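One structure follows; several queries about it will come next.
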Amino acid sequence: MSIEVVNITKSYKNFTALENVNLHIPEGELVALLGPSGSGKTTLLRLIAGLEQAQQGSILFNGEDNTNRDVRERKVGFVFQHYALFRHMNIFDNIAFGLTVRSRKTRPSKEEIREKVHSLLRLVQLEGLAHRYPSQLSGGQRQRVALARALAVEPKFLLLDEPFGALDTKVRQELRRWLRHLHGKLGLTILFVTHDQEEAMELADRVVVMNEGRVEQVGSPEEIYLKPANPFVYSFLGRVNLFRGRIQNGRIKLGEAEFTAEQGVSEGPAIGYMRPHDAEVSLHPPQSAAATAVQAHIERITLLGPLVRLELRRLDTKEVFEAEMGRQRFLELLVEEGDVVYVTLNNLSIYVESELQSVPTPALTPVHVTV
Amino acid sequence: SAASQGTGTNGSGEAGGSQTVELLNVSYDPTREFYQEVNAEFAQEWKAKTGQTLNVKQSHGGSGKQSRSVIDGLEADVVTLALAYDIDAIAEQGLIAADWQKKLPENSSPYTSTIVFLVRKGNPKQIKDWDDLVKPGISVITPNPKTSGGARWNYLAAWGYALKKNGGDEAKAKEFVGALFKNVPVLDSGARGSTTTFVERGIGDVLIAWENEAYLAVNELGKDKFEIVNPSLSILAEPPVTVVDKYAEKHKTKEVADAYLQFLYTKKGQEIAAKHYYRPRSAEVLKAHTPAFPEIEMFTIDELFGGWTKAQQTHFSDQGVFDQLYKP
Amino acid sequence: MKHVTEPAYVRWSLIAVAFLFLGLFLILPLIAVFTEAFKQGAGVFLAAIAEPETLSAVKLTLLVAAISVPLNVTFGIAAAWAIAKFSFRGKNVLLTLIDLPFAVSPVIAGLIFVLLFGSQGVAAPWLAALDLKIIFAVPGIVLATTFVTFPFVARELIPVMEAQGKDEEEAAVSLGASGWKTFWRVTLPNVKWGILYGVILCNARAMGEFGAVSVVSGHIRGMTNTLPLHVEILYNEYQFAAAFAVATLLAVLALVTLVLKSLIEWKTERKSKAEEDYYFDASGEKAG
Amino acid sequence: MRKSFLRRGFLPGFGMTMGYTIIYLSLLVLIPLSVLFLKATTMSWEQFVGTILDPRVIASIRVSILTSFFAACVNAVFGVLVAWVLTRYDFFGKRIIDGIVDLPFALPTAVGGIALTSIYAENGWIGQYLAEWGVKVAYTPIGIWVALTFIGLPFVVRTVQPVLQDWDLQMEEAAATLGATRFATFTRVILPHLLPAIITGFALAFARALGEYGSVVFISGNMPLKTEIVPLLIMTKLEQFDYAGATAIATVMLVASFVMLLLINYLQWRINKFDAAR
Amino acid sequence: MSIEVVNITKSYKNFTALENVNLHIPEGELVALLGPSGSGKTTLLRLIAGLEQAQQGSILFNGEDNTNRDVRERKVGFVFQHYALFRHMNIFDNIAFGLTVRSRKTRPSKEEIREKVHSLLRLVQLEGLAHRYPSQLSGGQRQRVALARALAVEPKFLLLDEPFGALDTKVRQELRRWLRHLHGKLGLTILFVTHDQEEAMELADRVVVMNEGRVEQVGSPEEIYLKPANPFVYSFLGRVNLFRGRIQNGRIKLGEAEFTAEQGVSEGPAIGYMRPHDAEVSLHPPQSAAATAVQAHIERITLLGPLVRLELRRLDTKEVFEAEMGRQRFLELLVEEGDVVYVTLNNLSIYVESELQSVPTPALTPVHVTV
């Protein structure tokens, strides 16, 4: 089932949690809602589920207006961040709950319920734990029970609020894989919340980046990583280096490095963003004539499994920044802490402060760069 | 320090070294105003006689409870309780000489009272005598004889009436009193509680009460609402008084305590008693207040029940006659 | 939230039922007390309150509260420290023993002190030798009151201290603070509201206790009558208006303490709310 | 190991506070209460049993237990309702109501009893209307029940309230997303969770009601075998200077209360453990 | 100051939280205690600080026995996981606490205390916040106050329990850098707890890996990553692929891939571990004659910033595994989801089940492999 969020605004007393949010989620997709704490992710999810009411806007399921429909009629599967399992019921009863509370007419027979619960237990790989209580399960197991409970009522789609937030890295990786598998198998529309960019990138078909109650960007993981719509998205998705400089005479100066700005850019302070893996480290000055490289001193080398991260300090501006490379490349380089290297700044994104000063945080507008 | 003042008397009385003497009079509930007046009068007299300032402290409560307090260590110099039995209990503990009742005139009871009926104005149920109380449909208010001393007087009065009427037939008396208590809808734990129930809550057609209590109720709570009915036969209630020897000796207040009780027998004392609706022993004073104290034929505890200890034992102990006849 | 709560008509009828119940069982009696008190006009009311015996009862009541409340506060703090900050065998039994006075009939509460300190009592010979008077005097009243109000502060404080955990104490100790300093400078400031709350309840009950005190007081006018006893005496003397007037003193006292308590709760609530708000803000700031 | 017993980890003061607690508890509660047992032992076993099995004692125990039980039941139901209304809804006067709940703690019980009697007696504010319907409240077991409900109310409200305040609303929301009606959510999800607190409040109210004297004597009518409560019977025994009999009854009541409280504390401890395991 | 943990065993009621732990922490090192939840990290830290007492074993500071010494005398700086700031004191008083509670003789003057606190506030970059209360600070700021408070008493070393556990990714990265900086500046011995392997790898000079109350391995981040002592450490540090197979006739068979086992290995089931970045993906079969490559089907491609992760399914055993490579390498490869590729399994670690079956989880012993 597709979900359409139209022009939703939601405020609490004196605080606007969501402002004019529009979102389309096509049927069968696995969509991640990504954003920092307090950006309104949970609020949006709860609005879609009908646990909250918006001041304005509407929510359509398959084109049908659901804005004023009761939670109970929306047939949404909702998995809460802390699972919200019923503590005094065992796993079986937890999963069966949604079926046993139906009115007598629509309630399946005891036998059918048993069947159903056991098939769900098999699905979430928890056969044999039916008689345990939630307190006797590990976090990952609880998470799966919460999922099974939501699936028992055969929802039209699934909403998950930080499903793996409270879990160990190891368990998390496992469950992620399992969720994707489940998605493939059931073909459900799934919308899940996370504030972990790696999780969003790895799991989702489509990522919605939120900030301060607004949707900043929607796109495939690759799109938003490679073509961030603005500095917020840029720095929220993965590590980023930040260089301060100026635009002067159509040239962008970041310390000793210089780039050509596009035509008609006003002069003034500018900020350059660059991903650490776009920093090209070499022992010798680059061949190219353009001054896109700077000299830097290696302060620390960290081996991070497949990656190696160098912490560098520019000799010109004394700014600290990072470079990342594959292990192989690092082994070829043969550098040590304390060495001085040349770093070419590739794929820089330059932003200048917008002239519109009415907004609280200085709005940055992108500047196209040619080397 | 408050503790030692609380019950003790600092009197070093006789020699008059100190100018202040304290007495503690442990009494029962309805005597407060009466003793307040007695205390003032006597203190004046005592001052004139000895030059000492006398300060009488009062303690009031249920008679049995007060007696128990004295037994448990409330250091009363004099006790003025509702029935001899309560003082006997103190005497049993050796705080008072066993023959205490002989020490003062008139069984150590300077004033008496009797049991009467209080009915609503106009006496709508036409209650004239004890026999009317056992009629079906009559609602009688009296406290619980097991917790209230006053109630025991009520009970014994009814018993005595039935006994006399039936020529001493105990079984008939038992039946009569049983029938009476069948008509009791509320058993308050104390006499004052019963009065409140009758007066304030409007429950019951007749309240069995001491004469002085009945007068007080009428005067305090409504002359236009109630009237007193005197039964043909009633009991002579003799509230006794005595000095608690042990404590008086300890406090060196024996002399003043004796004088205090003696004062109750003087004309002045008797006058005050009559003023508070207690029947004075003095014939002269009684005559002066005749309209308030009409002639009623009365019997005493000793005559019919062989004294309080025996009456208590027979009627009010656990599994006693009251427990047997009381079948609500 | 709207969608998950009850429909308005259910909500309002529940509120109405609650009001009706509280009205019948709590508010009406309170109103009754006040109307009775003023039945004969403000003059009688004021006279009853200004009467010397009332005043001495007020004094005694305040004195008793002033002794037994601090005693129970000290105990409550010590017990809460031992129970909330340490684990040991028999905690349940200890907690139950602390609860016990809740379940003892006030009459019995008074009686046990009579049995202990009365002239027939277990301790009578020593008391006589030392010429000490416990019952039918202020010490007995204090004892009985303390007994009856025994669990209030401890019961209030134990959960608060437990909820507070040991983190801050651990931090203080690891910074070199001694036990006393940790207690005074870290624990106490953190549970001060809990203590106050306990004090208020304990105080209300201490001032209002009737049964137990009645047994041990001796009812000596102007000396060992507390306010509740004085109310009874006035009532028994058919001075109903005066009795209720003095009772309103106690009711007002109760209401004042309750208002105080509400105020405290409101303050703590506001404080924790402010904290929460800040958490939200802080997390927003973090992200920005 | 001795050392570790005394020190019990890093925090100091266990020995001192524990010692103080035990001493204070002993002096003020345990020793006085033990006198009660001592006194009861002055009776022979036959006397003891005879006292307890006396029809009046049995009847009063029945009255006490039944009225206390029903009062505690009503308090359990309405206590939960009041706690629910106070934690969940906003309405005018909420804070005042919240404050007034503690009133029975503070008002002298006798005043409470008198006030209730004046309301529920046959000529009282409410009693007169009830009387028209043929319902008598004061001077019947219903009156006792009214008084005991009055004094027991704060216990249930104050034990349930914090639990409701801590309650995770998400569990209700979860039930709603699973299609449960409000009623089903309450009975199947919320109530089971509140149950321990309700039982605790119930038991505290029950224990307190069993011992209540001051307010009941005014409204009960004190009819032996009908509206006589145990504490009154104890008083009666005392009036007859029958200390042993009084203490015998008191002892039985005390032991019953103690066992019940122990049970509650055990229950709570179990639940806390269960929660901690989460 | 150096710390020596000798043979420590600590049990709670019926649960052994630490079993025979030995550990040496040399002076001036920054050591990470890494392990899954419940592995006993906090317990060990608390034992060292003296907040807990062991049943057995001793703890030496600079060779001197401290086992029975009181917390107060140990002069340890302890930073709690949830900071445990004094709620009712402002920041200044929090930091000054350790100094003001000293006995009169050793207590510095008011002036000195003020000086000291302000210099610490400068150090943790919180000047100007001295009069705020903890509730008015963000998580990261609180963390730094906790640190300053611990440093105020000039501890001989610093113990930190999950110092960055409760913080956002962004703030976390910042504080990590700051802590390393601090360590360099003050030269303190620092022991910190974490369950995030990246944090341990990035920050620490030396990592102690714990599991179920035991120390599994101690070493530099590189050592434990490259030479894990056992499968637990292997799989706890970074992602790992797991292949099941057999040893037969001195050959290790994992599906169609074959390797030569060392001499004298008993036959039976074996498990091969491999890091995803050791999987070499190519479109063509490798040149080498050895059968170290398998064919696999690309099920999913995930772009993770600098890295690309392929989820692969072996055609022979149907096992799913992962391969990771740098973005550059991926772009060169030109593969899509659904393609079939050849994957060479490099740097395999093979373990066989130990014959000792007494231990609860089957103990695995490593087997040396030659291609």
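Each chain gets a letter, A, B, C, D and E, in the order it is written, and its residues are counted from 1.
Quick note on the criterion: a contact is a pair of C-beta atoms (placed from the backbone, for glycine too) under 8 Å apart; a residue touches a chain by one contact, two chains touch by 3 or more.
To keep track of the chains, here are their UniProt names: A, E = Sulfate ABC transporter ATP-binding protein; C = Sulfate transport system permease protein CysW; D = Sulfate transport system permease protein CysT.
Source: prediction; values computed, not measured.
Q: Counting one step for each move to a touching chain, how far apart are subunit B and subunit E?
A: Contact-graph shortest path, subunit B to subunit E, evaluates to 2.
Q: With one step meaning two chains touch, work out the least steps from subunit B to subunit D.
A: The fewest touching-chain steps linking subunit B to subunit D number 1.
Q: With centres defined as the mean C-alpha position, give me the subunit C-subunit D separation in Å.
A: Measuring from centre to centre gives 16 Å for this pair.
Q: How far is the middle of subunit A from the middle of subunit B, if each middle is the mean of its Cα atoms, in Å?
A: 90
Q: Determine the centre-to-centre distance between subunit A and subunit C, using the mean Cα coordinates as centres, and give it in whole Å.
A: Each chain's C-alpha centroid was found; their separation is 54 Å.
Q: Which residues of subunit B are in contact with two or more other chains?
A: Only 71, 200 qualify.
Q: Residues of subunit C that contact two or more other chains, please.
A: Where subunit C meets two or more other chains at a single residue, that happens at 1, 3-4, 121, 170, 173, 178, 235, 283, 286-287.
Q: Multi-chain contacts in subunit A: which residues touch at least two other chains?
A: Residues 36-37, 51, 71 of subunit A each touch two or more of the other chains.
Q: Could you pull out which subunit B residues touch subunit C in their complex?
A: 2-8, 24, 29, 32, 57-61, 66, 69, 71-75, 93, 190, 192, 195-196, 200, 216-217, 220-221
Q: What does subunit D use to touch subunit A in their complex?
A: Interface residues on the subunit D side: 168, 170-171, 173-181, 184, 188-189, 192-193, 274-275, 277-278.
Q: Contact residues on subunit D for subunit B in the complex?
A: It comes out as residues 54, 56, 117-118, 121-124, 138-139, 217-218, 221-226, 232, 235-236, 238-242, 245.
Q: Quick one: in the complex, what on subunit E touches subunit A?
A: Residues in contact with subunit A: 36-37, 168-170, 173, 177, 180, 195-198, 201-202, 221-222, 225, 235-239, 275-277, 300, 302-307, 309, 324-329.
Q: Taking the complex as given, what residues does subunit E use to touch subunit C?
A: Residue list for subunit E touching subunit C: 49-51, 71-72, 75-78, 80, 82, 84-88, 97-98, 101-102, 135-140, 149-150, 152-153, 167-168, 170-171.
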